[in-house]
Structures are given as C-alpha cells and as structure tokens.
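Heads up, the next two complexes both have chain A, just with different partners, chain B and then chain C.
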Partner chain A sequence: MRTKLLVTSLLLASCAPAHAVDTSISGSVQTRCLITTDTNGVYGNPVPSKLSTASADGGVVPVIRYDVTLADAYLAKVTTPTSFSTSPALSDSVAWTGSTAVTKTTDVGMAGYEAAKVTYGSTTQFDLTVAGSTWFSSESTAVYGVNKSFVGGDYSAIVLAECIAK
Partner chain B sequence: MKLLWIALITALVSSQAHSEYLYGITGNMAGTGHTWGMNIAPNGSQSVKVNGVFYQYTPVKNTEDSMLVHIRNKKVGGGYIFSSTDDWSGLQGGIPITKGFLIDNLPIELWGDGSIDVEGTGSVVDANVVYSYKYNNDCLTPMSDPSCSGYTDAVLAMMGAADTSVYNPLDDDLITDALETKASLESEEESEEESEEDNDRLESILSSVDNSILSANVVSQNLLMSAMTNMTTMNTYYDKKLAGGTYKETTVLDGGHLPDNAKGARAGLAQQLLHTQMVSQQYELKKDTP
Partner chain C sequence: MVTTPLLYWLNVLLNNIRVLLSLIAVTLSSAVYAHEMTPTYPKFTQSYMGGVSVTTMSLFNKRKDVSYYKIGVFTDEWKPVAFVSQYAVIPMLYLDTVSFDVYVATQTLSSVEYICSISQLRAGATIESKICSRVK
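Moving on to the complex of A and B:
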C-alpha cells in the first residue's frame, strides 16, 4: 500500500502543467546555378537598315556563362531579343532573328550540349547534365522595315538568360 | 673554422631576412607548338612556385572517333607532375574546352617540359596553356637572403682585402716535402730496417708536419678574424663623434683689479729667508770642521 502511494505521488508530481512550444525551423537554399554576363553585346550597323551583333557586321556577340554545381538538375534557357528595350521612336516594324550556341565548356561531357539543344521561337534550351561552367553566345539581328534606315539614336536590347530547375 | 664563421653569419642574417612573394602568369606556352619548356620565371626571381595551370583548346574530330587529349608536364626525375586527360571518344568536337587547376605551390625545379598529346583520331587547335606562379626577387642582391645563389661568395667578398682563399696544406712545399719524407720513411718501416736514429728523425718530421698544419690553421684563422674584426669595427670608429661646443670662461674678476697678496709675499719672503739661512749653515759647519 505504501509502495502504491509512493508511485502515485511520483506520478502526480511529474504531471507538471502542460506548455505549448513553437519550435522554428529555418534553412536556406544555396544556389547551384549561377548566370553571369561574360561579355556585353554591341550592335554593329553594317547597313542602314540592319543592327547585328555578329563580328562580321562590326558587332560584339554577348556571352553568358552558366555555372552549375549540381549535375542534371537545371535547364538553361536563353532568349534572344524581339524588341528594343530602348530606342528612338520607330514607325516601321523590326524583323528579329537570333541564335544561341555553346561556345566554351569546362568538361568534355558538355560537348553534346550543342547537338542536344532545343529551339523554339527565340528561345534556345540546353539541358545542363554536367556540373561545371558553360559559355553561351547569343547572336541577334534586327532589320528595320524593308531596306529602311534606322532612325539615328541609341538602341539597346536584352538577352534573357534563365536557369530553370528540372 | 672558416665555414663555422660563415655559417654563424648566415644564421644571424637569416633570422632577419624575409621574403615577400610576387605573383605572375605566363603567356600562352602552347602558342608555337604542342610542346614547351618551363622557363617561366622573370630574370633574377627566386623561389618560383607554380600555383595554377589553365588550358583551353578546341578538339577537331568526328563524333564517332576515339580521341584522348593529354595536357601534362613531365616531372624532373620521372613521371608527370601535372597531367589532365580529356576523353573525347564518341563526343562531338568543335567546341572549345577550358579548364583550370590549382596547384599546391610546387617549385619550378620540379617542372619538366609540357606538352599536349593526342591519342586516337583527331587533333587539337587553338591551344592555350597558361601557368600562374609566385616568386620573389629578393636575390637581385645576393646578400639579401642566405638562400640566394652566390650568397657565400658575396659574404666572403664583403670581408674585404683579407686573403680569404682556402689554405691547402698540401700546397705548402714544406708540408709536401715532409709528407714525401714520411712516405719514404713508411716504406723503410715496411722493410723493417728502421733504426733509432730514423725513429728520432721520423718523430721530428711528423712534429714538423703537425706544427705546419697547426701554424697554417692559426694563420688562416687570424686572417679571417682580422677581416671580420675590421668589418665590424671600422664603421664604429668612423661614426664616432665628440660632443661639440665651446667651454667659455665663466669666472669674473670683481672690480677688475687684483691686489698683491702681501700675506703671501711675507710668507714667501720668510721661506726664502729660511732657505737662505739653511744654505748658509752648510758653509758654517764646514768652517767649524777641523
């Protein structure tokens, strides 16, 4: 009887008032895909109606570098411009063409990126299956009207580079 | 003994020496071919250490071909100190590949010739191989660091006019003569016809040899000590300066007139009188003497 009483006392003593505790969970996700502009592009103006980044046209091809530290986890999407971000007022239409290609890699396994790329519209998609750095060059050309001279002024356009998780 | 002194000086100087590294990168070592030497250090630089290798090239091949590309440097003594192989087998060519490697500061003395070697079908174009390195140029003056080549010669030269050439006892005619005599005596000893006189003679000759070597050592040590003493003390004497300035008279005669000292004159006169009296007494004694 005495033992039962002692056990009961201990149980009662251990039944402290209930508390509610909020335990926080925090974390951070480190980026494993970094996009860097390696070379800014420049439009050349070989003829009055044409602006082109091709070196043959006096331009500079923009180069974008993707640094991926996790293999087979990301898609690289590069979209060539379809409009000027800044330009004088233009009264006629502009015909845009563009292309994106792999220009340099850091791993032999990236040699197949170019052959495996998928192009739709002005966007080119690459499957980044190997960890490392890949350089993409993105040429673009704008032709104004039908042999119509571009209006004098400053023109700029933007290449959109995205890293999409698979 | 001389070497001991040099080592002591070296140790003292080395405790104060310090090296500050500079950094540099080479140009394209593969610019003129697919093999190259490793003469990458600037003139006068010391302790050159390679800390990075970077290369880029474009493979030219058909996709179905097998191709291995080796970028490597031989290691002095055998093997390779750096080697990187890219396996392009079954892969598309035409796209440049670039790679960089950090190297753990390996001394340039270990780096042999570099090369780009292709195994299989295909080739490499637009090759670019660059090394980064660090070095110091503290040895533009050899005495700046004991690790510099020519340091010991510079220290000896600094000792000045002292004859610091190494004394070779075997170049001494007296010693060589004695040794030759000793050798002949040894042959005589082998023939067991050595006499007491020869023993005495041999002892005398050996003694002269020992004395000559000892004397030579003493002479060379004295020269060295003299040179070192001159080196360390000359500047001290040259630089010693006495405190300058003029010590001016500070005593002033009150009134500008110094009267005669009558008391002193009297004392002096009394002394003179006493002296005269004493002198005169000599003659008086001679008069009284029979």
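Moving on to the complex of A and C:
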C-alpha cells in the first residue's frame, strides 16, 4: 500500500505543472468613416447623343457604400459629374444631369435619409445620423449638343464621394 | 444506351464548370474598394519645434485602383491652410496603413477646421473618395 502511494506521489510530482498564461488581444474602436466603391459605373449609349449610367439605357449605376461607426458624426456628400475626366475632343457643349439616392441601409433608423437629403448643384448631402452602412446609387446622364452624336472613343467621368466630420 | 452514363457525367461536369464560371464572374464584378482616415476628431499638440503644432493621422487604403492620396488642411470655409507633412501626396500600396504627421503654425491653428485625404485616380477610375476629419 505504501509503495502504491509512493509511486502515485512520484508520478504526480513528476507531472509538469500547467502554467496559465494570459494572452491579451487588444484593439480599439474609434469613430471612423469608410467609403467603399461597391460598383464602378459604366455609361450606356442608348442613342448617339446620350451617355447614361441608367440600367434602362444599358449603363451600370455606380454604387458607393458609407460605413460609419458613430451616429451623428459625419455628412455624406455625393457629387455627380459635370465634365468628362477623359474623352475625345468635343466641339459642342455637354448637358449634364445627375441624381443620388439611398438604395440600401443596415438600420431601420436610416429610413429617413432619402427624404432628408439636401441637393445643391450636382451635390447631394445626407446626414448620417445612425451608425451602420448606407449604399448610395449615383446616376448621371450626358447629352451632347442638340441631338449631336458623341464622337467615337472612350469616355469616363468621376463621381466624388465625400465623408465630412460634423 | 451505352452512352447515357457518359452523357450524364459530361452534363454534371459542364454544370460544375458553369457554376465555377458564374462564381468567378460574381467575384470579379463585386470587388469592393475602400478608403478610411482616422481619427475623426484629431487634437493638435505642441511639436518639438516652438510655434508649431502637430497631430498624427492614419490612412488606410483598400482601393486597388488608388496608389496615392492627397492631403489637405482647410478652414471652416474650405480655404486651404498652409501645413507641412512628410508628403503632400502619400504613396500607398493596396491594404497599406500609413500614419502621417500634420504640422501647422500654432498662430494659424485656430483657423484649422478640416484635415482631408483625397484619392488620386488613375485614368478610367470613376469614383473619387474624400474623407475629412474635423478639428474641434
């Protein structure tokens, strides 16, 4: 019996003690705004004088996502193009129209964003009063001269997405 | 009749290829790119130089189509304010995070309202992003 106890004691003593070590994971959450380009726009050319991102015109509407981690800290401003960033030489004027709308949100509290938007010139401003993600679609149309055909070549224009701290 | 199992397996193979191609197409079309700058409300402190205040900003580039970001400092009426930083235009790789200091003369500090980063686009890119932090 004593031998058994001795052997058991020796075995227990020989076992390596388990060391508990605390491993920390650190991180910080801070107010931030992330602008994500979900979809790059593409111009469709439904008639020779018109370039449009509308899907009905064969285009692709650019979609921009804003992620904010703190409510009521940022303004989102989306400006539709008023000129081409690249294009062939054009001899006549181009008439631009554009609009930006909320297409998707992650919080029911954002339902009022669309109604509360402020538009001036080609810029549409949204007050991001709720934390979360908001998707904006920004349509634009360019019409060349008076029923003039656009010159053949590549065209691109830029949508400006701004996130301004309040 | 002998060819039926063969046709069946060919059909399965073609379907799998179709699904694979669809997945590739969706992945390509849904590529998302992002731009982020923190902190939202930076605080200026006295730098190691007399009469010069400094704050540190952090920029994150998740836009594959952008390799440079321009920094700007503005008043509340969006008039530019003179500042010094390591770079006026910061070169950034995809998924890069860069911290940079913004130095402003302490006597002009009261007019500083916004510190902004603006993506510099390559030809053909269609969405320009601009994030502005506010000095309160």
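As a convention for this text, the second predicted complex is superposed on the first by the 135 of 166 C-alpha atoms of A that agree within 3 Å, B and C clash if a C-alpha of one lies under 4 Å from a C-alpha of the other, contacts with A are read in each partner's own complex, and residues count from 1 in each chain.
Going forward, a residue touches a chain if its C-beta (ideal position, glycine included) is under 8 Å from a C-beta of that chain, and two chains touch if they have at least 3 such contacts.
Note that the coordinates shown come from a computational prediction; the quantities given were computed from them, not determined experimentally.
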{"item": "When chain B and chain C are modelled together on chain A, clash or fit", "value": "fit"}
{"item": "First (chain B), second (chain C), both or neither touched by A:Ala73", "value": "second"}
{"item": "Partner chain in contact with A:Asn40 - chain B first, chain C second, else both or neither", "value": "second"}
{"item": "First (chain B), second (chain C), both or neither touched by A:Ala165", "value": "second"}
{"item": "Touching partner for A:Ser91 - first (chain B), second (chain C), both, neither", "value": "neither"}
{"item": "Partner, of chain C and chain B, that touches more residues belonging to chain A", "value": "C"}
{"item": "First, second, both or neither for A:Ser26, with chain B first and chain C second", "value": "neither"}
{"item": "Contacts of A:Ala115 with chain B and chain C, given as first, second, both or neither", "value": "first"}
{"item": "Distance of closest approach, chain C and chain B, by C-alpha atoms in Å", "value": "13"}
{"item": "Chain A residues within the chain C interface of the complex", "value": "30-41, 62, 64-65, 70, 73-74, 85-86, 154, 156-166"}
{"item": "Of chain A, residues touching chain B in the complex", "value": "102-115"}
{"item": "List of chain B residues in touch with chain A within their complex", "value": "56, 59, 86-88, 91-93, 95-99"}
{"item": "Partner chain A, residues of chain C touching it in the complex", "value": "29-30, 32-41, 62-63, 65, 114, 121, 123-134"}
